[in-house]
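In what follows, chain A forms one complex with chain B and a second complex with chain C.
== the complex of A and B ==
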């Protein structure tokens, strides 16, 4: 009727209606396909990530010790945790680890990648290999090695003792509450800088070489190239690396466990180790879950903060 | 009359013999059919204990071919994690590897293990085993585990006799003598004593436990543990024991670097002749045995901690220790399985099988059997003489008290005492506060 009454416009309208219906059907079909194809991955994600997080959250409000029924105790675990000086000291140590990752590993990794990318030194392949090599080593082997290096009568102490002609010399510098974490910071700086170097090197390879040449022709020096051309393009890579660094810093504890066992006393403890001790040594699964929840909240908060910062920087350099 | 009495006696005897026969036959019939058992052990297939287990099981299976035991071996920490999971899921193995104290409290305190006393009484184990191996383990006197009759002494002072002779010293008789030696030893360029307390339990287990036992005595410790008779960890014996650790540090016996030194590094210093004394447990004998030549092994002395002035428990042939780990029986076992499991436990404690332990350098102590003539290595002989010569086993703190309080407060606090960050009185008060509020010994 419509087409008879209105001619071409009616036909266009009919065609449009048919087209919309077809579009709607195909959209629905597409959505069904997307849902079906991503369902397996989502199920796995839910089972491996979401459900354990929710379960941990629930457990964090109980006093469950690994057997019997858990009893609801409200926020008692959290109150206990926030009153525990070991928690605050561990948080402080985690802060230092994050700081070393964000202002040590990542900038140093970028700096080394830039030097290699711009071929500012000879033997690029050699330096690439030796800088990346530590990140390939087993954390356990590294921890055992550096545990001996930094030990009070370890390698460094022996060398100093030889210089001072004292075979009883002992390195006590890392025995205090404020300095006990320092050897670990040195180790992770050495171990993981190469990883970020490789990430930045891969990203730098995609930089438009002609753009750099053009900038040089326009009179840009190396510093100008770095901070006006190269750096802005690496912001997303910095963001990704920072997320990786924060997540790794908050969860890592294995190297520290073997190097110092969180000691002396609790001076080099971190939240990951604090969680393991409370859960599997003292059988306080509820308390351990509360620590895990705090870790998740910390990670999420820091990453959101980073995302905001990245957005601001990206907008500024667009 | 006489004939009546005789007839009655005969009838009674016949009934008794018949009943015993039935009982015994019942016990035998419980295991004459094929029985399959499972067990998990907290050591791996490369550990010496595993090879001893293999030999023992081979002989056991030859004697009881109808009983088959499948053992799973795993690392110590993985064992505890797995056992907790199995307990929760109701799938514990028949044979449980148990510690006599709190280490496997997650099984024994929660009702997963059988009380072995009925079997011990029935089969008169007291005839061949020393009383200390049949001492109560549970709060109400239960015995959950039995194993090789061996004490894991946690506090032994190992001395390098060659170094002592070189420095013109002898093993100290008293703590004062010990402290006085520190100056002489350091002047000569050696370390007086090494421990290696990086894992934080060494100072507590290998030194403090003996000091507490000597200063207060086992009776006082029991009262402080359970909070009875007005005893607490604020009492002078505990404070004084902590004070001794501080005094030993001030005197230069304990180095401030000990909280950061790995046990392996400390042992290496002792073995390489850089330290005169090494304080550790009986488990170090195996490490010393593999690290030293036979000539050097003959130069190792093993003594309990010297006499301390003012100690309440004046038996200086005393040191802290734990009965060796052993096997217990899971409550999930059927009566037939339980009986078969008991046969395994009894077999492993039988003095007739001492040769298997000796073959693997484990030195059991039996009631009526002296093995010293069968031990030829000088270090192992010294170790056996030490074990046989100790009269009293003093309690080990982390064996009797809850792990959290001991690890978080005592172990960490001892390191802080050595580093000078806390005082004995502060640490004692902190620990008593925690025990009063949380320790399961006070809150059964």
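== the complex of A and C ==
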């Protein structure tokens, strides 16, 4: 899964020869060094990431409110979550966030990368630097900037007002239950398309030039090159990108937190925010943990599904 | 670079148009908000009130000097730099060690531990802030610097190990064998052979980790009830309520908080791109 972005640089033959040779003289001291070298990283990782997640799983079956003894309440947290309309709305908004990543950021990132890689336009380094930059910004900075952009009398309202010649124009299109998430979708398109462009650019650099040359000799034009020669080779990168997009979209909520805090009402809520609100605003730690568990299960499930789907498809078409 | 970029093919008109339109549109879409942010932060308040979009009539640093004071940035910068630098150094040392062990020391445990580490690539701070908060409350280390740095290390180590492993794997075995024949143990080899050789990947890991720590917000916000241990990002988010009426000031604060990223980008764009293109989980 991960080696795809890195190019399929498989282990060299010498590696296995080497390991057999040294395995024979692998001593007690070597095993000791192995442990000493790898243990510190593994311990920090396990203690901070794995143990709390397991603990959180246990907590999700309790009514713990932050102090006192937790009481076991079975699946009650999960049941009340599934009965909560805010949960379903947050899930719907999360679905839209994933959708915009999959049909917006990734294809657009690929297309931009292709244009730059093929040097169809002069000044590649300039465009590369500009479009990638937003993905390095802090979520707080981005949220503050776009908070003003989308505010009722913010930048967009002013621009529209200028066009309509009315300086009292107020932007209220994003106040309704169904549209409140749209500004955020635009923001993540702005912020992360460049990231996917960079991923595709790195992988396109490894495309075999002779293949392109041969295709051109056969009379292929640029469009043929794109969709017949280059695109098939990029399918694994699309899949890895999709996995990153799903994992990232389900979990990130920082920008939204500061930009709208899920509002107006709960209309722009996502699951991550729903988790934070229940835990830190209402002190429902058990309930918050249950949301965390659902989040982790959802993203693992979707990723496994995607990986399976890819396997199935590539088995069918090869 | 490969020669493939130089292979010229006939470009159909429709294709050429859509390429130009896509790139032009997306560049403007990217640049315009940033440019607006930038020039508005130099704009006097009465200019902003009069016209939000217009270019400043006079350029002023007043917004910056005021934002610097209101935001109490000096100690926030100290904290941000402290957390980012300590995390980066520890992550480099630990990840290259583990990456080296996984790549070059034969062991039947590698398969298991390495997959165990890779699971961490899919877990972000925001998805496990609740469990971590609970654990830190239990240990009594919320609102302490160590309670921030340790999670930072943990959340950056998976990807760093992966990067280190893929680099160390490509180091020639003969170099390591030669050192072994000279009687060096693996730990000695790590310190005096692998770590110096791994300088390119160490730079990538370092820059990447530093960036991730610098922009992190959720964990510090949750763990800190005390202003003295907060970071630039948390300070910035708190200005939101105070300054939302005066966004010349607000944008100056955003610029101040973003300046280190701009400098980093100017000098290390290649390393950042390399890190990101090897796969990191973002929205």
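The working rule: the second predicted complex is superposed on the first by the 262 of 318 C-alpha atoms of A that agree within 3 Å, B and C clash if a C-alpha of one lies under 4 Å from a C-alpha of the other, contacts with A are read in each partner's own complex, and residues count from 1 in each chain.
In the analysis below, a contact is a pair of C-beta atoms (placed from the backbone, for glycine too) under 8 Å apart; a residue touches a chain by one contact, two chains touch by 3 or more.
These numbers were taken from a predicted model, which means no experiment stands behind them.
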Contacts of A:280 with chain B and chain C, given as first, second, both or neither: both
Contacts of A:56 with chain B and chain C, given as first, second, both or neither: second
Chain B versus chain C as contact partner of A:314, first or second or both or neither: neither
Broader residue contact with chain A after superposition on the shared chain, chain B or chain C: C
Contacts of A:145 with chain B and chain C, given as first, second, both or neither: second
Touching partner for A:108 - first (chain B), second (chain C), both, neither: second
Partner chain in contact with A:172 - chain B first, chain C second, else both or neither: first
Chain B versus chain C as contact partner of A:260, first or second or both or neither: first
Which superposed partner A:303 touches (first chain B, second chain C, both, neither): second
On chain A, the residue positions that both chain B and chain C contact, one per complex: 66, 147-148, 154, 280
Chain A residues within the chain C interface of the complex: 2, 5-6, 9, 11, 14-15, 18-19, 22-23, 26, 29-31, 33-34, 36-38, 40-42, 44-49, 51-53, 55-56, 59, 66, 97, 101, 108, 111-112, 115, 117-121, 127, 129-141, 143-149, 154-155, 158-159, 162, 188, 190-195, 198-199, 201-203, 205-209, 211-213, 215-216, 220-226, 240, 244-245, 247-255, 257-258, 272, 275-276, 279-280, 285, 288-289, 292, 295-296, 299-300, 303
Complex interface listing, chain A residues touching chain B: 65-68, 86, 147-148, 151-154, 167-168, 170-172, 174-177, 260-261, 263-266, 277-278, 280-284
Contact set on chain B toward chain A in their complex: 77, 80-81, 84, 87-88, 106, 110, 186, 189-191, 198-200, 255-257, 259-262, 265, 269, 274, 402-404, 407-408, 412-413, 415-416, 419, 421
Residues of chain C defined as touching chain A within the complex: 1-12, 15-16, 19-20, 22-23, 26-27, 29-31, 33-34, 36-37, 51-53, 94-95, 97-98, 100-102, 105-107, 109, 113, 116-118, 120-124, 126-135, 137, 150-151, 153-155, 157-158, 161-162, 166, 169-170, 173, 177, 180, 185-187, 190, 211, 214-215, 217-218, 222, 233, 236-237, 239-240, 244, 247, 250-251, 254, 257-258, 261, 264-265, 269, 272-274, 276-283
